[in-house]
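In what comes next, chain A is part of two complexes: it sits with chain B in the first one and with chain C in the second one.
Entry: the complex of A and B
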């Protein structure tokens, strides 16, 4: 499994060390600007660390796991009442963007939910599974249209129009190593591909079990 | 990882990698080229401004055209104008520009600080403005702000200097700050926050008095609520965001 990159060099903005930033503010103007600032932090953090999805508690999500075991051992499940940030995880995996150990502050689950809803509202996020939000959220540091363009341009520039690629080749292939979408969350890639299909720029091929076996780019 | 098989797959992969490299290097050089051009233009504009500043100030038409060109090249014409005027030593004009900047910053930061900003924060924000700081090499001082605010009095008393403890703040909201609230803000600036207990112990106020004064400050967005499980609620002053 790939390492989840540590917070390392990413420099959080000053407000991230301002303790009440982690509490929902009662004044609605303040709250709105707080949401904007959270969005900003999340997008920049994810972009910096090449993260495509966060768990419902704000931990970096790897998409490999989802593919392999179909969420079976999803340890991110939460009970919906009060915060319990001390779950069974260890070491670096304990990192959550909503938890700042330097100032000992944690965002409540309720507030996290509102931040996520705001991300989705402003088209910077999308639930991985609309029916079960506990599976986490996709973070669009580029909008879905922008990603579609980036992907399509790359296909075009590398002369891969009209050839058939697998999802794996796009996400993990040698050619895509230096691309921003390298290692992209599977769910996100499929959403982007579907968007390209809707624009008539790609065709998705499926087997009898409705699994995607390949994608062909270019006009139909 | 290939569309072909055998040797053909190798060559096609090599080729596409090469194409990719070539494509990105072309893009990169184009981008650099454009950036250089833009910089040359900006420099030329500033040069022009230095040579023809009197013309720009006096001739309406030249001024309009010049402003439009400035905007097109990403230069704030207001700042250019103020710099021309600065060179002309018209301190009134410079103060007027500063007034605009003050109003702008007070409005922009209101959703964060509830409309009360410390003089120092305001000054830092003005001086960190790229154009003021890097391109014009201006550094305003507190007395400049005070002068500017005196000018603004003509427009009404929306912007006021409030002194809390030893620090000056600019208040850009109509609400008055009661003397209890003044004490609270003054106290919160020392540690960053206050709690009900701190207020009760230090000022010998009844709980209800502390709570109502604080509640109003919180609902106006001047103090930020800090509520964590198992801890007493703290109320933070926004001047501590930058510490």
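Entry: the complex of A and C
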């Protein structure tokens, strides 16, 4: 049900319904083009659905969702009962891009890892946490430089240079609702901001726990 | 609030105390906003629960849930008001900061204007004007002296050149007599000084010889006449 809702509009390429696509091809040439095609599908799929990160099993990762889930779990402890189905409705999306129920095929974890490594190699992805790759991968449908430009242009065009913005505000604020970076993964945004800091276009502000919470953009 | 600046490049924008204050306010607003969102999820959830209890005929439980929901809804209202207050405060601060900038700009402009005015004191201008007048007078005197010096020897030659040119261009019609006199004069001068005004007229002929030049001059004059 949910799968259809979330991905219904996205049309996967024909190759996605081709069973061998889901198995690592022994021929190295074929394998290489298989990787390219996977990269293409993943980027298009993520861009279409505005997904900024995928789990290690290919499910959408939304950094904000976890907080809400935890909160709800607490709530349930009070009035217990069988709300498990409700829980799923609230936002869990079990659809994995590496699992095609139509042809009953799933990409193996090993192969997923290889596809992810390929994405990272071609600068279309980055591990959320290099030390723990199980945290998932950021998917760059735009490169870091491009995202930096998009963000900075938006700041400039909306007259927000030299004012203070919280990270949350950029990701979820009313002003950014129609922007492509709306709802962006926190880790990705931090990486983009760091890039802008290196270019001398921004200064990052941290809270008492040394978390990056705010940013001030400036002219160059 | 901890240490907030991180500067890798010298041109990165500076974080001021005001900025830190605004950040704190905005963080607070974000926090309240997040609680509001969570509350909305919970309220939604509780509505579903209540429906469920009604279905299963557990009316007491349903009522309890609805009561809880009611309480949370008023909480939600409070949060919304808080967000509003915070945002108002942020807006006010940001506006005041702009006002401060404007004031600073005005101050700077005023300072520059004063400096410029100081540099342009009346006495200074008078002095400069006096100096200028002096310089002009001096210059006039100089030209006068130079002018008189020039006339003595060469004024005649200048006059003569003028007349010759006039004749050649046909501006002045003169009697042959005058012209003859003129040409002889020219010839005399050609003999003595190589560079004379008639040079301009008979450039090539001079190389061949002065006599031919005279003839030529005569020819030309008769043609003209």
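Quick note on the criterion: the second predicted complex is superposed on the first by the 183 of 220 C-alpha atoms of A that agree within 3 Å, B and C clash if a C-alpha of one lies under 4 Å from a C-alpha of the other, contacts with A are read in each partner's own complex, and residues count from 1 in each chain.
FYI, contacts are C-beta pairs under 8 Å (C-beta built on N, C-alpha and C of every residue); 3 or more make two chains touch, one makes a residue touch a chain.
These numbers were taken from a predicted model, which means no experiment stands behind them.
Enquirer: May I ask you to decide whether A:169 touches chain B, chain C, both, or neither, giving the answer as first, second, both or neither?
Expert: Touch status of A:169: both partners.
Enquirer: If we overlay the two complexes on their shared chain A, which of chain B and chain C does A:206 touch? Say first, second, both or neither.
Expert: Touch status of A:206: second partner only.
Enquirer: If we overlay the two complexes on their shared chain A, which of chain B and chain C does A:218 touch? Say first, second, both or neither.
Expert: The second partner, chain C, only.
Enquirer: Applying the touch criterion given at the start, work out whether A:157 contacts chain B, chain C, both or neither, answering first, second, both or neither.
Expert: Touch partner of A:157: chain B, not chain C.
Enquirer: If we overlay the two complexes on their shared chain A, which of chain B and chain C does A:29 touch? Say first, second, both or neither.
Expert: In the superposition, A:29 touches chain B alone.
Enquirer: Quick check for you: in the superposed arrangement, does A:110 touch first (chain B), second (chain C), both or neither?
Expert: After superposition on chain A, A:110 lies in contact with neither partner.
Enquirer: For A:132 in the superposed arrangement: first (chain B), second (chain C), both or neither?
Expert: Neither chain B nor chain C is touched by A:132.
Enquirer: For chain A, give the residues common to its interface with chain B and its interface with chain C.
Expert: Looking at chain A, the two contact sets intersect at 83, 163-165, 169.
Enquirer: Could you please specify the touching residues of chain B with respect to chain A in the complex?
Expert: 1, 3, 13, 15-17, 19-20, 23-24, 110-112, 114, 193, 218-221, 224-229, 234-236, 240-242
Enquirer: Over in the complex, which chain A residues touch chain B? Could you list them?
Expert: 14-15, 18-27, 29-30, 32-33, 82-83, 104-106, 154, 157-160, 163-165, 169, 173-175
Enquirer: Quick one: which bits of chain A touch chain C in the complex? Just the residue numbers, please.
Expert: For this pair, the touching residues of chain A are 67-68, 71-72, 75, 79, 81, 83, 86, 90, 162-166, 168-169, 172, 197-210, 213-214, 216-218, 220.
Enquirer: Please give the residue numbers of chain C that touch chain A in the complex, ascending.
Expert: Those residues of chain C that touch chain A are 1-15, 19-20, 22-23, 26-27, 30, 33-34, 37-38, 41-42, 45, 48-49, 65, 94.
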